[in-house]
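Multiple structures follow.
What follows is a pair of complexes built around subunit A, which joins subunit B in one and subunit C in the other.
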Partner chain A sequence: MSQNTDVILDVEKVTKTFGGLVAVNDVSMQIRRGEIFAVIGPNGAGKTTFFNLITGIYKPDRGSIRFDGEDITGKDPAWIAARGMARTFQNIRLFGAMTALENVMVARHVHTKTSYADALLHTPRYHREEKKALERSMELLEYMQLGHRAQELAKNLPYGEQRRLEIARALALEPRLLLLDEPAAGMNPQETEELQEQIVKVRDDLGITIVLIEHDMKLVMSISERIAVLDYGKKLLEGTPKEVQNDPRVIEAYLGRGAVEGAQ
Partner chain B sequence: MFEVLISLLPSVLLEGLILGFVYAMIALGYTMVYGVLELINFAHSEIFMSGAVAGAETFILLKGTIANPYLLLLVAIIIGGAVAAFVSVSVERLAYRPLRKRGTTNRLVPLITAIGASFFLQDLVRLIEGLWNNAFYRRYPTFDAFERTYNLPVWLGDIVIILSLFTFFFAIVYLIYWVGVRLARAKQKRPTRNTLYALSGLSILFTVLFSLKYREVLTTDMGLSIQMKSLLVIVVSLAMLFGLNWLVNKTKLGVAIRAVAQDAQTASLMGINPDVIISRTFLIGGFLGGVAGVLFGLLYTLVHPYVGFIPGIKAFTAAVLGGIGNITGAAVGGLVLGMLEMLGGTYLTFLTNGAMGTEYKDILAFVILILILLFRPQGILGQQVGEKV
Partner chain C sequence: MKNLARNQLLLSLAIALVAVASGFWLLSDPRGTLPFLLTLASLLGAFLLPISKWLKVLIGGAILLIVVPAAGFQNSFLFELGVQIGIYAAMALGLNVVVGLAGLLDLGYAAFFAVGAYTWAIFGSKQANEFMPVKIFPLPGEYFYLFMLLAVVAAAITGLIIGLPALRLKGDYLAIVTLGLGEVVRVLANNLDQPINITNGPQGITPIQRPPVDWFIAIFNQFGIQLDKAQAYPLFFYFLVLGIIGIVTLVNIRLDHSRFGRAWIAIREDEIAARAMGIPLLPTKLLAFATGASFSGAMGALFAAKQLYVSPESFTLIQSIIILVMVILGGMGSIPGAILGAATVTILNVDVLKTASEYLEGLRSSGFTINLGFFKYNFANLPTQLEPAKYERMVFGLIMVLMMIYRPEGIIPEKRRVLEMRESE
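The block that comes next holds the complex of A and B.
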């Protein structure tokens, strides 16, 4: 369809079923370069499945996904990630037994150009690359205010810092597109506010396009430029925060049929 | 009799240590593969065997060409390791990966495949050796330089005796404490730091009293000696163990291996291809197994296609003993098992007045396996389940 270079992620009529359940049903979405885009919807609407389809964990039954002009439908997660798509998880999935720094280094893997022989022989290139990876990882930790935690095991960090570490790790991939799956889940209002600033900062500083799934409507409405609403696997509508807020279908999706009439 | 027991102790423990290093190197292969795939790779004993046989062939072929035995050993280690690594990666590529891609969730399926691969490799090597040499029993040539015996200083033997006495008393004291805690149904099951200090102090006291009382017996030292080839085994395996430790903890590949071991899917979303990392893991584990095979051949000279079974299953025991999935655990488990086995093999004869001979040492290893599985299935260093490598 559109080969507009302004579109970084072009999801077209994607469907995914599990047995009889249609988790994502004929969903199309176009994410523009540099925007903050939110995907909202009630629990079980298929939001996380949608992320899993984009990142390659699931293969879509039908439809196609293009990332920066390249067809990534049905490709391996590692392949897609290496091309610049990073994500965080609804339930934190850090490497608990590794230090914060090592967690970030994992995501530097694809950007560190050393071979086996380099590592075995300790060539200058090996030292240079390892040093670069280390420095860049430390920078990212500092950027997410986690510099002082570098040598601590990820599992020992407080909850809010674990969430931030997930973002730092995702940024280490040097992504063009960052998917955040409920980044504010379990955070208190204070932490959520800081996170909100951080997300905008990441977009502004690094020029990374951000797609987020979030239940915290205050956060969603204040930072996203466009919002898509999913319900029962289908895209209900798409629009600016104002449009979405005032649409009766959205309230209906969250509160059930009849809620709008009842309120009036 | 008591004098004999004591005076034999240092050399028995040394022999056990040497055997333990071989076990440790094989055990690393089991434990690394288990770390990334949660699969017990029973074909690993044949990977070890292929390294041993390749090493033997290298020695036999190049004996005339390379005069320096040390250089020859180095070449044999590299070739044995490389052959074993190749076999290891091939087994993963041809047997395990297709199952993984098919999404087989039943864990018995890869396990049985591993046993199948093991039989296949035994007979494949037998076939190749049969076609090539018309015989599949191969002998490592002996070299004077390797057979030479060096005497170790007497005080080293004394230290070994003192340390073993301490370990022995500590084991007994700890066992009593452990049973006591269980019987008392105390809430605090793990000993605190102070309890450990108290137990150690008690053991030191026993050691000192015992040493003073039996001073004459303890100093009847028969002299501790070591063969060059045993020394080489220790040196090579120490180098390998430290090298692996460095690789896993300090390199980018090591970080990737640990990431895949903890959560392969998340690792893949960070741009790491789990298949590549799994393949590398098999490569490293196979290489270590192959080197262990060459060292084994150097020590015991005779190798054949079925030589891997017993060392393999003992190394597996060692991996379980140390806590499967834990690299340091595998090394510790190997050393402990090697020493216990040597102790058992030597002393059973004395203790049972000859009724049970050295041949029971294999049984001892498996008794240990059963006891570990019954009482501490997570192994010596294994902590909670779910934390691997």
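The block that comes next holds the complex of A and C.
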């Protein structure tokens, strides 16, 4: 293990069941500040449920989650987001009827200090804050190469751009931790490559810690510093890409029992 | 480019011509339904067509501030209609915030109208003497304006009280609960004559004080126009409603263009994503609910003063549904849509259907006969039950069904505006 003890997200023995199904079973994970961390595993392994637990959409049955030293177990998603945790969704969840720019501006909500009265009376503060929100949102759109799409409705953007817009929107929260749920899903190889560079850039430029769920193993292995593998809700192992790649349990989890013996 | 400019000029000329012609027609025939509708159509045309802003303001101002009041002197029904449209338009704008922007289906909206109406009705009449320790009621009419603000506050608080339990539910469940809680308010108004008589129960409260209009009459006297009180009140309420519509529209636009408006739309579009972007669900929904309620409360106070009479009858479920119909008809989330929806439904309701009824009645009593050779019909045989005014709800239902099939987004759909980067400011 590395000596770096600066942990930004500390998940401890978290369990979540739905009826009889144990979706996440006693999972612990420590994400270090500034790293790119990947969570992989076969379909139905509980990866998205794990994200939903961290971001507060589900409340864990057992276990605790600490974000930057603060206990966030069972807190409201909006409260957690305002504290600096942003995410994207596996099945894109943009605000379809709003423009790309407005989508990003929505996430400026907690950083815009306009009161209700300011908004009604158009006080100088309203104008100042609105301008700030607009400029920062535009900046982020440019950053994700979506500047030219600012005034288009989110639902009219092509698929790949929608995925990038979700990241731009998440960045507008000015997060310290960014959770990406299958950011490359449905992208062609070229788009995936661009996305890969973009993710590394986000971490390097903005110093944001990134946790991603991804099925594209090429992307996962080339950008993540550490990887955790989930299977049937349990954490199978955790390690560097090399360690994970060579572990027979991972191959077994993906291809089924007996696959390892069969391959040998 | 040149062509475009010429087209715009032609368009401007055409709409101005129609507006002037319909205006004069209305002035010469103030009782006619057709000239009235044509005047309103030119108003709508001026608003919707791509013509210069100044021309829009000129046509709108001339029709609303000169033609309609002048015609209204000869036919005060026009004021009645105008005020009714205005009251409904303000309420539709309020409900538009709740249903259109925030996407919360509220079927108990008339409850807030009731709260506003009773706020002024109780203290602007002798009713408050029944339970207040000091017997100084009715309060003089000057207090009306203060009570209009109080009605806003009272309705907003009622919105919070109803919203706090109801807004934990979504969609259909929310609709049913708001329907129930809305009815609770009406039933309370109906039964709070015991043990302490607060609302005077089903008899309702009358007479209710009106704001004084002496200053209003004095202004007109300055211009050499003599008014008596009976003429002044309809005109006064007409202008008051116009002013309130202006304020309400401005409030609506400003909220829509703020972080609150964006948060409401975000919640409407996707609750989970909105929460993940830091928007707290319940407070944001409550804000929408209270905002919508306050518009309704203000109009309630005005309604009480205009009618001189309130009773629980005026705040039934059908009222809530009619306002919802206006919002859906106009286009959910659209500000001009809400106003147009309110105008369309009100005119249909109190003018067009009534006129159609009277027309059929005329044909019946004169015994008019259609003779097409193969088809002969004497209108004297027309059953007396056939009266369009009685089919109000059927006509609404039909309109809604047709809208849902052919134009589900409403007459003037919500348009997301173009945000511009302001470089130099």
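FYI, the second predicted complex is superposed on the first by the 259 of 264 C-alpha atoms of A that agree within 3 Å, B and C clash if a C-alpha of one lies under 4 Å from a C-alpha of the other, contacts with A are read in each partner's own complex, and residues count from 1 in each chain.
Methods note: a contact is a pair of C-beta atoms (placed from the backbone, for glycine too) under 8 Å apart; a residue touches a chain by one contact, two chains touch by 3 or more.
Quick caveat, the model's predicted, so the values are computed rather than measured.
In the superposition on chain A, A:Ala107 contacts both subunit B and subunit C. Looking at the shared chain after the overlay, A:Gln151 reaches subunit C, while subunit B stays out of its contact range.
Of the two partner chains placed around the shared chain by superposition, subunit C is the only one that A:Leu134 touches, whereas subunit B remains out of contact. In the superposed model, A:Thr99 lies in contact with subunit C only, and not with subunit B.
Look at A:Thr55: by the touch rule set out above, it reaches both subunit B and subunit C.
In the superposition on chain A, A:His122 makes contact with subunit C only, while subunit B stays out of contact range. Counting the residues of subunit A that each partner touches, subunit B and subunit C differ, and the larger count belongs to C. Once the two complexes are overlaid on chain A, the subunit A residues touched by subunit B in the first and by subunit C in the second are 55, 57, 76-79, 81-82, 86-87, 89, 93, 95-98, 102, 105-110, 112, 114, 116, 119, 130, 133, 169, 172-173.
By the touch criterion given at the top, residues 251, 254-255, 257-260, 262-263, 265-266, 268-270, 272-281, 287, 414, 416, 418-419, 421-422, 425 of subunit C touch subunit A in their complex. Contact residues on subunit B toward subunit A in their complex (touch as defined above): 247, 251-253, 255-256, 258-259, 262-263, 265-274, 387. Per the touch definition, subunit A reaches subunit C in the complex via residues 55, 57, 76-79, 81-82, 86-87, 89, 93-99, 101-102, 105-110, 112, 114, 116, 118-120, 122, 126-127, 129-131, 133-135, 138, 150-151, 153, 169-170, 172-173. Residues 55, 57, 76-79, 81-82, 86-87, 89, 93, 95-98, 102, 105-110, 112, 114, 116, 119, 130, 133, 169, 172-173 of subunit A touch subunit B in their complex.
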